[in-house]
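Each chain gets a letter, A, B and C, in the order it is written, and its residues are counted from 1.
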């Protein structure tokens, strides 16, 4: 592929050439809402096959990072590649799961309708979902344990069930990179276990997972890699080397009790 | 022109002066209550209210015409309009609270259906023997021409009373607009306050019908507050500025409309409001369009420069062409991308400042989060020198930030 | 022997039904997107568009009028977006600024220009004149097969049929994009379903429907039909396909029943003159909405049940 001119570094290298395998490579990304920077000059390269948590205090720019990387909110500066290609050319390889609260669940659609949205690209222009698409959607619902709810209106689901439907929609996309915004926020324990089982399964098949995550207590159990943010990148790397009291202290500052950090470091 | 000056300075006869003053008081009241409604994010509720006056207006006319032969008695029409507007408001609230409809659909449904029912009644009036054609047409688009002296007096007094009520209730209104839950904790009855706000909005609408007309009265409660929003972020000032804009626009509208036939008062007031709005949008130094564009470009430049310098200091590759252009323009890198002496000095300074910011954020997260452009501008522009010195001391003399110094 | 129903009532009823359905169809998406009042804004700004078109061309021919109104609608939508972004103002308030100003400008232009010789006034723009769209050559049902009589059908009939067809085509072709973009714009952007252009396309279609219907039935019905039938349909079902079906049914019901009540209702009550059909159609759609809000099986919405 021809290098995009704006991806050329001052010495002639390109971001894509530097990281051809990385599912999501970000260079010098700054995002601001009006005058207020929410992310400043973030460089981050996702290792292929990682199960990655994006953590940081409230307002650290975690959700903004993935929304800006996926082109949902505009960037002030910075470049992004997906599997070594510009985002536009590779977005069929990404499944994005927004925050549950970002949509109106009173929308007139059934669970199956929502999962079928994940097959938008395959169904194609001017065509409607057929039996093949429906059976795939049902398989995806089965994987998250929601096959019995296929014809339920989405507003009648509990929060955990809604999150599982979103995950099923992402599964229907058959992507290589799953980007999830707070998948465990406000869900019951059974749903959390079900979701993490599906994610670990995907990860075992070689898919890369990126989750915005807020529960520090489960980071070590769930994830292989971690990206710690607070306006800037504080640290990134394997959980064992990166999820340290020093890094957490520097991201969360006074907002995280020292005892809590000790417990995390020990546990 | 002489006629215009005379009218502007209230020298064109007692009636014209009375109408002009009344319109100005009305404009001020509408701007003031509209500001609170805008801050409460219910700006278009007034659209539903104004359209919902029509069936009440028409029914009052029919009833009064049946009783006395003349349906055009202003207070009676106002009462009818008020009752049906109140009913419309109740229906909006009921649809929003008791069904799955959002407020925008409820507003749209009420305004179109009430107006439709009003239109049906208007055709009934046209066929009544007693109903003169001119009876209600002035209420659609507003007309101050040929307004009776008593009508002008009623409008001026009612608008003044409404304005006074808004002034008296400004504190609870402000609190509820700012944060309804907090206001409730402070012991303010949010429901009653909202009710009073909507009641006053309704009063202004009904009083203004004859002047601005029911299709356009909504503009008086929306345009001046939106214009005022450009000049200030503080609710108290916004209300005052909106009232002033409303008063000036209504004054000018009433004056120009008195000069000739074919100059409808409502349209003129709205157009004068809009002119003031455009001036505000373009020129306001805080949030205006021109200031905004300049600010945005400056901010973007700052971000790129800062980012580029930090990348230089860390010897990281820069991929963004705009960043490279800015660095070259500042003479910080040569055309082949290698940092100049000046560039390395600037990079070291940026790196040091970055460390200061990071420490500052760690020590005082709340204060850092609250400072504008955090991390983009040098910290020395935000903090006094003694605090900077303190941060530097904490960073330690032996840190690697100082080694890069040229 | 002249069949007065065919001559005087058939075409107004058909035109009313077509206009109501053409507005109700895109209205479903407006209501779901919480953009109901876009229809309100657009139908108000048709007046200045038509006045400007008249001043430029000097005629009241349908072509220039429709182009003028559509142009005004697009200008209004652009202005609303501009003001909303620049001033960081809530969409409702930005809409209020734009449509009142353009309407006021239209009224002023109308009063200032010499339009006394032609039939163009504000009340006509608001109420329309459905009753006048009669079919003088349609003297009996047989006229439906008579080419000469068919050629004399009111032009609004064919125009609205085309517009309704365009609405159906737009909805079918962009069905997936409309549904996904309405439900979850962030997700739609992430899969390349282009929520931005789809939303703009919807607004353009709304403008086309508003302008075409406005010419025949006046702006007040247009607003009512964008909102009331879809809102009533929301109370009947939890799936978007059936919702659209219900909304078209309610729109048809309002058009037919409204026209009949306006024409014959006063006679039944002992009066001698009919009342405004446009106003009555809007009123009937409101009554339907009221009944649906009181007794519709899905009136409450899901999360209110759960809460």
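In this section, a residue touches a chain if its C-beta (ideal position, glycine included) is under 8 Å from a C-beta of that chain, and two chains touch if they have at least 3 such contacts.
In this text, all values refer to a predicted model and were calculated from it rather than measured experimentally.
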Middle chain, criterion being Cα centroid separation: B
Longest centre-to-centre distance from subunit C, chain (CA-based): A
Chains linked by the largest number of contacting C-beta pairs: B-C
Inter-chain centre distance, subunit A versus subunit C - centres from mean C-alpha coordinates, in Å: 42
Inter-chain centre distance, subunit A versus subunit B - centres from mean C-alpha coordinates, in Å: 38
Centre-of-Cα separation between subunit C and subunit B, whole angstrom: 29
Residues of subunit A touching at least two other chains: 106
Set of subunit C residues in contact with two or more other chains: 88, 234, 301-302
For subunit B, residues that touch 2 or more chains besides their own: 100
Of all residues in subunit C, those that touch subunit A in their complex: 32, 88, 173, 175-176, 179-180, 182-184, 186-187, 189-193, 234, 237-240, 243, 301-303, 305-306
Residue numbers on subunit A that touch subunit B, as the complex places them: 5-11, 13-15, 18, 27-28, 30, 32, 35-37, 40-41, 43, 57, 59, 76-79, 106, 230-232, 249-250, 253-255
Interfacial residue positions of subunit C with respect to subunit B in the complex: 31, 34-37, 39-40, 44, 83, 86-90, 92-97, 100-101, 103-105, 107-108, 111-112, 122-123, 126-127, 220-221, 223-224, 226-228, 230-231, 234-235, 262, 266, 271-276, 278-283, 285-286, 289, 293, 296, 298-302, 304
Subunit A to subunit C touching residues, read off their complex: 34, 67, 70-72, 88, 91-92, 94, 96, 98, 102-110, 113-114, 117-118, 120-121, 123, 126, 128, 153-156, 158, 169, 173
In the complex with subunit A, residue positions of subunit B that touch it: 100, 295, 299-300, 303-304, 306-307, 310-311, 316-324, 333, 336-337, 358, 361-363, 365, 369, 372-376
